[in-house]
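Each of the next two complexes has subunit A plus one other chain: subunit B in the first, subunit C in the second.
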Partner chain A sequence: MKAEDSAPHEDVPHDKVPPADPAGGTAAETEPAATGRRRGGGRAGGIAPPSWLALFFLMPALLLLGFLVIYPIVFSVIRSFLDASGDSFVGLDNYTGIFQGHDNLVAVRNTAVWVVFAPTVVTIFGLLFAVLSERIRWSTAFKLVVFMPMAVSFLASGVIFRLVYQQDPDKGVLNAVAVGVHDTIKGGTGYPGAGPHAKTALVRADGGAVVTTGAFGAGQTALVPLLRVKPENLPKDAKPAAQPPAAKAGQVTGTVWFDFTKGGGGELDKPNTGESGLPGVRIEAVSGGKVVAKATSAADGTFTLKKLPSGSVTLRLPEDNFTAPYGGVQWLGGTLITISIMVAYLWVWAGFAMVLIAAGLAAIPRDALEAARVDGATEGQVFRRVTIPLLAPVLVVVLVTLVINVMKVFDLVYIIGGGDPTAGVLALRMWTESFGGGNDPGAGSAIAVLLLLLVVPAMLFNIRRLRQERS
Partner chain B sequence: MRVSRRLMSRRVVSAAVVAGLLASAAACGGGDDDKGDGAAPAGGGELKGTKIEIAAKWTGPEEANFRKVLQAFEKKTGATVTYASTGENTDAYLGPRLEAKNPPDVAVLPQPGLMQQYADKGALKPLAADVVSEVDKNFSPYWKELGSAQGKPYAVLVKAAYKSIIWYRTEAFSNAGVQPPQTFDDLVSVAGTVQDSGTTPFALAAGAQDSWTLTDWFENVYLSQAGPEQYDKLAKHEIKWTDPSVGTALETLAKIWGKPDLISGGVAGARQTKFDESVTQTFGQQKAAMVYGGDFAAANIATTKAKVGTDAKVFPFPKAGQVAPAVLGGDIAVALKDGKGGQELLKFLASSEAGKVWAGLGGYLTPNKGVAPDAYSDPVAKELVAQILKSGDAARYDLSDLAPAAFGATPGKGEWEALRTFVQKPTDVKGTQAKLEAEAAKAYKS
Partner chain C sequence: MSTAGTQAGTAADAPRPGAGSAAGAPRRSVVARVVGRVGGGAVQAVLAVIALFWLVPTFGLLIASLRSNEDNNGGGWWQVFSKPSQLTFQSYSALLDKSDFVDSFWNTVLITVPATTLVVVIASLAAYAFAWLEFPGRDWLFLLVVALLVVPVQLGLIPVAKLYGQIDFGGFKMAGSITGVVLFHVAFGLPFAIFLLRNFFAAIPRDLLEAARMDGGSEWTIFRRVVFPLGGPAIASLGIFQFLWVWNDLLVALVFADPSSQPMTQWLQSQMRQFTGNIDVLAPGAFLSLIIPLVVFFAFQRYFVQGVLAGSVK
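Take a look at the complex of A and B:
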């Protein structure tokens, strides 16, 4: 402030008293003639209060700043050079410790990813929303809705998104959608997870498929017992398992059924009473590595393979009967978790970016845009060549503000990640190290100081911009 | 810590509806004033006029029940007891008050580790001789030692949580025609049969924030295989986590943890499952047949349609070795100020008299020998307490809660995360042991 403001009147005698500067500055801008007159009259003391009074007025602010900002910073810096108990000096060990150990490195990497991507993406979305909402009729309503998440506490947002990202498609809405779409395209499979009993002599697992151990000639019947059929996969029209029907010439018949009597007991490899047939199972007759006939089981589990060539065949239940159901995407698994949390962050902050950018947009002179349009620029060109350059100062402020904000992202990571170290960021580790179980305030302080240092350039940049705007 | 938060079972809730009416009036006062409740001391009165402040973390129905116990003390002695709630983080509440030299007379700590920490600082007052004799009378030596630091007795066990049980859905078991298993190998074969019947056998809570369930699994298996003496040594880090006994326990656990088919949602699902979700998966969504959880899981089951005792039952954690495991968690009370009142209150809390009052209210377990199973109002607690008393001297405190918090009680760190990684890589026994040892060495050093 001093540099610019004092420039026009360098020879003012009270220049050394910083608090007097703003007063002098304003006077200089609004009424240069008057200032000149006063200067000439040597009545400088009349403009600014005496320095002891200025100090007195500043005292409350200084005291608050000192106690609440300066003292904690100084204390953290000192603490960061001490060990966990605070008794002995450990030099830079706490600082080097930030970059040692798997979890710490993951946190450093994640913070870098956050700083690079999150502010950019949020700003882009904010810009899009701001520009697009300018053109629609219900723009206020739209802006209100987009801004709404800002009103929700971060903790609550975290809880909401934790639910959204739930792995179980019955609970997590994203996976419900993913599974729904997947199953519509590929179709649900019959009996995921089902397979033969370990002790049965009739069938065996062959890769993902199930094949009969024995071979069958025309006129014979086959039994195909299966286990591990989940109740929810058993169709409602399934009937109790029946004995295979009599096979005519050129046919092999059989039954595929759920060989587990409810409540235990029941003879192995026999379709006992109380055991259900498995409808809709695809069965292939294989001879010499080639599929020679196909059939699908009926409601009671029976099937008939027709028009078999002479010689014996083995029966195969192909893998697609049993493939595991699609479980959806692992939103909170190791690879996606940081991105998932960033999406939640975007949800919260896009409104903030939009509002600031929309304000900047409103301040753009319309005639510049009109002129471009008159000159024949397309809307795309107007946006890229005129709107964005004119908006650049606002965009940069939003971006830098978000960078500062992203450095200290904590709530969302804490709640959605639930302590998973693969999601860790520096701000979270700062807390974990000092209070969340690490019991090492030294290490925590070191991370805090590092974060402060990282934020300082962004802060300085923002302050400079503000000053430039004012001048 | 998280134990007693979940102790709020339905039975407690129902018992507390009545008590709640009483306590709500007191609770409104921010837990500062309790005069109205303990107005007229009936007998005794040797502490008439003495004011005692006790701080504990209980709220809601748990607080209501505890206040009733305190009332019994007030009636007996004539003292006035005020209750202060510490909130979830006990150290965060007590630390500043100790610093300001204005601690409560008595505090209830959720972890013995915290007691050790305070004892090292010299913030604790040793138990008076008559309190010690009361402890000797009612508890086995292990519990006395648990409440001691540097050979001096400081704490009495107030309330326990029993962690050597597995909850199961009775319908799933009767469908599969199986009985609760006795040994770990039985457990594996029962799991196989349940799986054959079409039900996924286990729900496992291996989410980062709730990996303490994994440490509890481990403790049960380890105590059963290696025995109480080895368990104590491991708890004090006198043997290393690279010890072969730890490897054996991990290999045993891998018989279940290593099989994605046995676990609801597979390994990937389990690694994101929280404790309450694992209980809901089993009893609410009926996706699994069995779930690990201490007696406190009853509170979570109460949120589903399943009924504790009929739809949801428990069996003792199966023996993986010679010893039937009995792992307990619990809260211990310490004196932070000199004075007769505090010591009298500790003596009362260690007595069978207080235990009986509390047992009648529900939501309570204790290894206090003077409190017979009959004193408990609810049938599941009766059964569990019989188990605790039967295990006698072999019962042990939760190992992870004995360890420094950085190792045994922090999400995403130490034992929690090492075991959570093991669920993902169940073949990597050596690597898991090495990781456990590295984390333990770091945590025990500081």
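Take a look at the complex of A and C:
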């Protein structure tokens, strides 16, 4: 009946909108067959099998869906209005309870953060990867690498990222990189806790820094003895302390060393044999409150400050020589933990977004892009004005799928967060409340029903999409 | 519309009498080629770094699994570059000597294989009915299946746990059994499976089925001899999906399995409480648990990608 006029209409969307969504692509091909069949049903009625036969084919699926999916939905809704023991009706208490108590509120907040940011960020990365990988020859290899984590369980991903996020920069690769970058930019760490000897007259502590008590003019040498250097902070390349080299005109030389002789002995304020120089200490010459020269001590602790102005200077060893070393970021502490888990999620799901978007890109007619280029559009304009609008349907499908998925994220938070309530999300709270110690199926059911309500828009989106494909 | 605007703009900017677009085109392409070559290098570099970001974490797990606990706690895995002698299979052999780990591996297999097979068979039957049989309410029933696609697993946990608790056939208790875990996975895998397969089955040329029906083949024969074999690629996609989903599951196992039926993920999770002290168990365990899905993925990645493309809703 409608088949005749529906056929021409069908071509319109499929021509203009390149595979709106990949699922639609498959379904679209089926369309002629489907409509044809509906008409043919009446005509070739003799061949069509009786409808009761369908029941045999559907029975196993219907039984399982009925008992293990549909019945639970009904049961959960009812259960969510009952108390922990399931005996008495408590109205909406379980639902209002989701928004009460510290852990619950944190979980609600985190779920909101997840739903808003994770799908968007993953889609943006997927889009970037898909677009960029079109320009390289090894795009297949690249896609395989990025897509690979999709096959890995959240548990294994969790273990992988627990290793990556380890706090100790000697163990966690991320903090190792962070410390490496930090030290390259801000200079290596020095000697935390080190400082002047109580009895020395040569240097004194000045805040966190160390300054010489005396002033030095050009051609003079300075001795800078330090104590309380921790053995593990003493670099392997440190050499025995040497006497300061002779200072030339306009220079002040000196030695900064560990004024401590192993086994005792040695003279105070003199670089005796057996005492180690302190390499890598930063020394500043200060005159009238201004830094006029800088130097760094060598392996034997000697240093030379050059091109000094006339007049005397004091030497200062700035505070950063003695502060504790930069220990990297605490990835799994405080509010950062949710972001860190999202990074792991991105690692797993970026490939999914990339593959779907790449398929969408491949289906964009080259003529459309070429036409825009011939018209003088820059690559940026082509991307923003042509590619993105044509990709919009695919991007929506990716986003919707990810939102549904993010809503259910459990394993990754459970494994990387290690039960830390700061990382909690609703899907995890649901499990904790009902199985992981909470023992309150009422509260758990309420969270489960809330999760269902949150995905209802996605459900309607899917149904609408299906209807559009069919009509 | 916007492109038309740009076109007008460039035309006005370049008032070359007579030259027109003929002169403009080659000029542009030379510039584009140069930009493309320089930009291409940058793109290559950026993507190489990204690929490294994606590979390093897994590589770190592999190396950590090949070092002793002392070495792992003494420094990061990258130390093997300077001390290759740290590499050892010690953690693996110790792990494989643990009978509860080995049991959990077999439990994973015993859960995954039936859960995958059953979903494929049951969903194929249903999808055939939805695609090629006429019955009242078919469209509504299929819409219901589509609606169920997005139902979170969380919704089933409490009610099904209660339901299983009541099932006890003279000695066989559903609660904590492998069967219970399998059936739950099958049920929640069905909506996606039916959706995927129906779309594929419906694309089978009608003539093929008509011919078979004319020849007097029963629906069962047609399903077995025509539709099921033709659905190969879709069934492969579905099988891989379901396999990975079940193999990698933790939540369903946590709720429905007990220590005798727990899969690998659950066993590993129980070792997580002490992370740093347990790396010699967790790293090789996690690696063993991901190596089979990874092999499946690389062997059948074409079907896997097809599945992703066809059913991005779950």
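The criterion applied here is as follows: the second predicted complex is superposed on the first by the 273 of 471 C-alpha atoms of A that agree within 3 Å, B and C clash if a C-alpha of one lies under 4 Å from a C-alpha of the other, contacts with A are read in each partner's own complex, and residues count from 1 in each chain.
Simple rule for what comes next: a residue touches a chain if its C-beta (ideal position, glycine included) is under 8 Å from a C-beta of that chain, and two chains touch if they have at least 3 such contacts.
Nothing here was measured: the structure is a model prediction, and the numbers come from that model.
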{"item": "Which of subunit B and subunit C A:G424 touches, first, second, both or neither", "value": "first"}
{"item": "Touched partner set for A:L58, first subunit B, second subunit C, both or neither", "value": "second"}
{"item": "Subunit B versus subunit C as contact partner of A:N439, first or second or both or neither", "value": "first"}
{"item": "Which of subunit B and subunit C A:V115 touches, first, second, both or neither", "value": "neither"}
{"item": "Which of subunit B and subunit C A:L346 touches, first, second, both or neither", "value": "neither"}
{"item": "Touch count on subunit A, higher of subunit B and subunit C", "value": "C"}
{"item": "Touched partner set for A:D170, first subunit B, second subunit C, both or neither", "value": "both"}
{"item": "Contacts of A:P231 with subunit B and subunit C, given as first, second, both or neither", "value": "first"}
{"item": "Subunit C-contacting residues of subunit A that also contact subunit B", "value": "166, 170, 418, 435"}
{"item": "Footprint of subunit A on subunit B - complex, ascending", "value": "92, 174-178, 193, 195-200, 207-209, 261, 265-266, 268-269, 271-274, 281, 285, 404-406, 409-414, 417, 446"}
{"item": "Footprint of subunit B on subunit A - complex, ascending", "value": "84-85, 103, 166-168, 170, 193, 197, 227-231, 234, 258, 260-265, 327, 330, 332-333, 417-421, 424, 432, 435-440"}
{"item": "Of subunit A, residues touching subunit C in the complex", "value": "21-23, 25-27, 29-30, 33-34, 36-37, 40-41, 44, 47-49, 51-55, 57-58, 60-62, 64-65, 67-73, 75-76, 79, 129, 132-133, 135-136, 141-142, 144-156, 159-164, 166, 170-173, 176, 347, 352, 355-356, 359, 371-377, 381, 385-386, 397-398, 400-401, 404-405, 407-408, 410-411, 414-415, 418, 427, 430-431, 434-435, 441, 444-445, 447-449, 451-452, 455, 458-459, 462-463, 466"}
{"item": "Residue ranges of subunit C in contact with subunit A within the complex", "value": "2-4, 6-7, 9-11, 21, 24-25, 28, 36, 39-40, 43-44, 46-47, 50-51, 53-58, 60-61, 64, 72-78, 122-123, 125-126, 128-129, 132-136, 138, 141, 143, 145-163, 183-184, 186-188, 190-191, 194, 199-200, 202-206, 210, 213-214, 219, 223, 244, 247-251, 254-255, 265, 268-269, 272, 275-276, 279, 282-283, 286-287, 289-290, 293-294, 296-298, 301, 304-305, 308-314"}
